[in-house]
Amino acid sequence: EAPARAETITVTHWGSAFYGAPYAVALEKGFFKKRGLDITGFLTSAGGGTSVRNTLAGEVPFGEVALPAAILAIQSGQPIKIISGGVESVEDILWITQPDGKVGSLADLKGKKVAYTAPGSVTNMIILNCLQKAGLEQKDLQLVAAGDLGANLSAVLNRAVDAAMSGEPLWSGNQGKVKAAFWAKDCMNPALTQTVGITTAEFAKTGGDKLRALIEARREGVAYIKAHPDEAADIVAKAYSGDPKIFREVFKHFVGFEYFGDGRLHYDNMNRMLDGMKLVGRLKGPVEWGQVVDTSFLPKDLQASQ
Amino acid sequence: MAVVALSADPRGMPAQTREVHAALRGVTRVYGRLAALGPLDLDLVKGEFFSVVGPSGCGKSTLLDVLSGLGRPNAGSVTFEGAPVAGVPDGVGIVFQEDASFPWLTVADNVAFGLRRAGTDPAEIARRVDYALGFMGLTDFAGAYPAQLSGGMRQRVCIARTLVTQPRLILLDEPFGALDQQTRLLMGDELLRLWRETGATVLLITHALDEAAMLSDRIGVMSSRPGRFIEIVETGWPRERDSRIVAEERFGHVTARLWSHLREESLKAIGKKSVP
Amino acid sequence: MAVVALSADPRGMPAQTREVHAALRGVTRVYGRLAALGPLDLDLVKGEFFSVVGPSGCGKSTLLDVLSGLGRPNAGSVTFEGAPVAGVPDGVGIVFQEDASFPWLTVADNVAFGLRRAGTDPAEIARRVDYALGFMGLTDFAGAYPAQLSGGMRQRVCIARTLVTQPRLILLDEPFGALDQQTRLLMGDELLRLWRETGATVLLITHALDEAAMLSDRIGVMSSRPGRFIEIVETGWPRERDSRIVAEERFGHVTARLWSHLREESLKAIGKKSVP
Amino acid sequence: MLGLWQGLHAYAGEAAIASPLAAFRHLSGLLASAGFWSHAGATLTAFAGALVISALLGIGLGLVLGLRRFAGEVAEPILAGLYSIPKVTLYPVILLVFGLGLGAKVAFGVIHGVIPITLFTLTAVKGINPVLIRTARAMRLSQAATIRTILAPAVLPEIVTGLRVGFSLTLLGVLVGEMFASQKGLGFLIVNGISLHNVKQTTAVILMLVIVAVAANGVLLWLDRRFIHRAA
Amino acid sequence: MTRERAVTLTRIAWIAGFVVLLEAVCRLHLVNPLTLIPPSEMATTLWGMLASGEIAGDIARTFSTVAIAVVLAVAIGFTLGVAIHALPRVRQGLDPLLASYYSIPTFVFYPLFVAIFGLNSVPLIVLGMAFGVPAMILATLNGLDRVPRVLMRTARSYRLGRLATLAHVVMPSALPYLLTGVKLALAYAFIGIIAGEFILADAGLGHAIAYAYDGFENRTMYALMLFVLVVVTGLNMTLHAWEGRLMRRRARA
């Protein structure tokens, strides 16, 4: 294949969360290049909707974005398709508290001030699941949206709240300063599709080869992480300007619970996300997966997804 | 109050025996290393109209500052009605060269300002303001804001604002500087009328020799900086007088006399030796 | 150029036969519904010093506007050196009442401005600027910026800037308005010297009667708005004269004559009938 | 200043703001790393472009609106109104018009910076001493010469003031743009620092921005005092 | 007067023209209806939202936050301005700082504010004041600088005390400039708080816009943007008119 010109794709939360790790590895290891892709960078943003919009406006309309954002965009008529799966787990998400904090488990939540990221977000879904699990109502405690992970952490460190949401790599990097209160997996099945690959309906018609190559390159990256977690951690640490020691720790966990999907679509995991969206009142109507997804760019062996 | 008998002397006392209203004795004023004024003596006689002329920058405004208590002398003493001056004494009213009307107040409120601050009875304020507005030809503009008036009218507002407080000593620093000469002469007529009616002592600083000549009982001619009195010219005008005096011959004599004193001083002040 | 023989008539021609340098014929100027000037006739004689006095707002600046070609008359004609005026003609220099020095240029660059624009030879520019600075007593300030000068000095910069272009007709709109009377008289001396040396025709607008009386060959007295000439006063001064003239008796006669014409007009202009 | 900062650090703790020493140390570390300079370079490119566009557009528009008084009076409150709009809300529209990347960043910088520059220029031209224009006519200057030799130098001081404000706001706009969508730039480093709770990085980058902005303002102020001779 | 009316009418015509143009561009599908909707649709959506009261809570939240921020910014800025004016040396040092202040994206300090003020609406108020305070300081300094010296001397000639001078001469004289500061403080409070809500909060108009934006609810998003635009511009124009009236009353002929 002829080498393509330098191009950028969208990856949500590049640099701050690990959705981008397989892409970082693929770039470093030349998995893009060997498929004729000259990917030079990753456009990122901190918001679900922003990532989808960035994908729509990007030169190569491919993005790994939050599934809820993709669904909302499709439901509002945006011409996009879900073409692959991404991160399939929320096992790294937990709520933290001060080392001497009063929240030791789900049961302690009553009457406390508890932070999560933003209304309608995945963490909002999880905390509502946790409340159900603990038999609590929203009015039994004070839920506050504190912003991103960093803000949640500093809210705990500054004792502005009793517990706040956290995840990697902040959790691994701040052990000792905070302790775990309870985990997402204590409240629900943590197999949840967090991100998916999307593209525009138009590019799906013309850019099939490129999309297939992108998905394959990511898949190879995921496999590489599994095989060489330490090296992968180092690569990502370099790309994210992070601390390799912490990243190795993080990647050990990730490999343990199959954090990165290989690209196939897990409809159970995706449906759980729909349930979550319903729970926080974000879903506008029922979703027919058949009209939303396009599996034709997945490698043959992954097309027959569950 | 001191009563002295002197012929026209360096302190500037008139020939006859009269009551001294305000006095400067050996006053000097220095700004940093710049000697701006004096040493200088002056006795203002109660009820007289005294003008000060002198080249630009010679210290005329500084003299007013010191006399009014707005500024302090570096040496010498200032007394008003026998008491030493520190801060503006009660009974002294000042009209500045610049337009000092308050743009946020109507003409009537401007004129009432000093009385309100002093806590005068409202009915009395209304009475006095009405009178002052009428006197200054401003009755029709009582509700107007200064911005709607001409420069001369605004200056009249400031004069009225000072007059309603019925000062016994009125200090005016080039109050008609913004006006053309003809209007200035006419405003001089008003000032004379006022002076006659109130019996106040007036000290007027001006750069217009004809204005000084027409209005004053006595005119102090100042040297270039540091300002001192070179001479005090007595005009000998009757108390009843107005601007028609400029057409008279003796008026020409007074201005010519002032000019002969000032020509050299003014040349010094603008930095030229002499006109070739 | 028209040469006419007339005695002092409404058009303001002098008694003898002389060359007309600039002329207004039946000129009027209207701002919206406000008649500001005229109808008015005037012949300026080549080489004469003509002053215009009149109450504030009577249309003096409007007259200068029309004569200089900065403004157009609503009726009548304006000619300069025989040609109709449209836009400022070459050979006419104007000094405005307001400070028009360029604050971003030094004094020397200000004075050189017009010559540089005209593309004059640099050596010639340097020569003329040096001369003009010396003439105006500004040599020591050649490198200073206007902000560092007093108002009077800035006005001198503007005069110098106009003079270096060697205009044949110089129009001055109250150029000494910012100065005190004494400095003004001294600046008048400079102006007279300049006028003598260059032989230019000068039209000076002023509100100072003594200034007009001292400087001019002829003085046009304007009525209140819409301005017309009430009278044209001939002084009969010799060409060699200076401010010492104010001490003379015949000077007093001229000012008194001007004042008697203007008192009523000025009273009208400030909105009073007569001083009680 | 530093004392205040140290005090804040002592009060709020490491989790909220790094100590001055740590920030300076981290900054010198950043300055030594090649990666940082590619971020700084990305911001600088976008900022330089945005500033040039803001300045040219603002000064040009300001001159035109100032000279055409009627148009100026019509436009001024509209501009003031636009200035007070919370501009983050315009992000989707910017994305629609300019696409992603450099274009959007520059556009974001421009929409922040252009209005103050326009308004300062407009006010300056409107407030120009009319006698200067009359002088130009008395000297028979052509329109072009009048603009070049009279109008431009006369309004220069206000334009410099406008540029000072425009400089700051354009920089802010570019940074905000980078925070929304980018892979590079100091704005990205800031958001990244926030979301990774890398307080040192955030503080160090902001420290550098403050230093640069204050220095640039200082230079403009100095130029202003040194070369512009305002009327007393 | 007629000129003033002509100006106003022309301005309205321009704005109306722009709206009509936008409407046409959208109606003719020159831009993707998924990205931009016609103004008329924004207005009807907004009307519906206002009538149903669904955004009443957000409006109340934002407006009360803005109101508190403006009052505080004006009070603090004025006090600091008066203090700095009295200390010319401090002022010289602060000059370049005050001007470059605007280049700092203040919302990055949110974690700091949370640490200091807790996780409540105070950090948002501080965010709203962040630009308003320096604007008010500058306006106050500007106003105090322009109190003519002769008016201060007049105050002394009437033997006014410090407070009386401040109340009866300094304040009224500086009022138009102070008003400019208030206007800026208001604009900046809206900018800061809506941006803050956009990024960080869980209620308020900014959050509602962000939420709609994230959820691709374009009609809601544009309706809310329109609302903010109209309110902010309306407030701004009102203050502008008031300021203009004050300035005109004072402008010297």
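Some observations on this one:
Letters A, B, C, D and E mark the chains in the order given here, with residues in each chain numbered from 1 onward.
In this section, a contact is a pair of C-beta atoms (placed from the backbone, for glycine too) under 8 Å apart; a residue touches a chain by one contact, two chains touch by 3 or more.
Keep in mind that what you see is a predicted model, and the values were worked out from it rather than measured.
Looking at chain A and chain B, the chains in contact with each of them are E. Note on connectivity: the fewest steps through touching chains from chain B to chain D is 2.
Centroid distances built from C-alpha atoms place B farthest away from chain D. Spacing of chain C relative to chain E, judged by their CA centroids, is 52 angstrom. Taking the mean of the C-alpha atoms as each chain's centre, chain C and chain D sit 49 Å apart. Averaged C-alpha coordinates give centres for chain D and chain E that are 19 Å from one another.
For chain E, the set of residues touching two or more other chains reads 110-111, 114-115, 199, 213. Within chain C, no positions touching two or more other chains are listed.
Chain contacts: chain A has residues 50, 150-151, 154, 157-158 touching two or more partner chains. Chain pairs that touch one another, listed by label: A-D, A-E, B-C, B-E, C-D, D-E. Across the complex, chain E is touched by residues 68, 70, 87-88, 90, 92-94, 96-100, 102-105, 113-114, 117-118, 145, 147-150 of chain B. On chain E, the positions that touch chain A within their shared complex are 34, 110-111, 114-115, 118-119, 199-202, 207, 210-211, 213-218.
Interface of chain E with chain D (complex): residues 6-7, 10-11, 14-15, 31-32, 35-36, 95-97, 99-105, 108-112, 114-116, 186-187, 190-191, 194-195, 198-199, 206, 209, 213, 221, 225, 228-229, 232-233, 236-237, 240. Taken in their complex, chain D has these residues touching chain E: 8, 11-13, 15-17, 70, 73-75, 77-78, 80-81, 83-93, 96, 164-165, 167-169, 171-172, 175-176, 179, 187, 190, 194, 199, 202, 206, 209-210, 213-214, 216-218, 221.
Those residues of chain C whose C-beta lies close enough to touch chain B in the complex are 53, 55-56, 137, 140, 150, 152, 179-183, 185-186, 189-190, 193, 207-210, 242-244, 246-249, 251-252, 255-256, 259-260, 262-263, 265-267, 269-272, 275-276.
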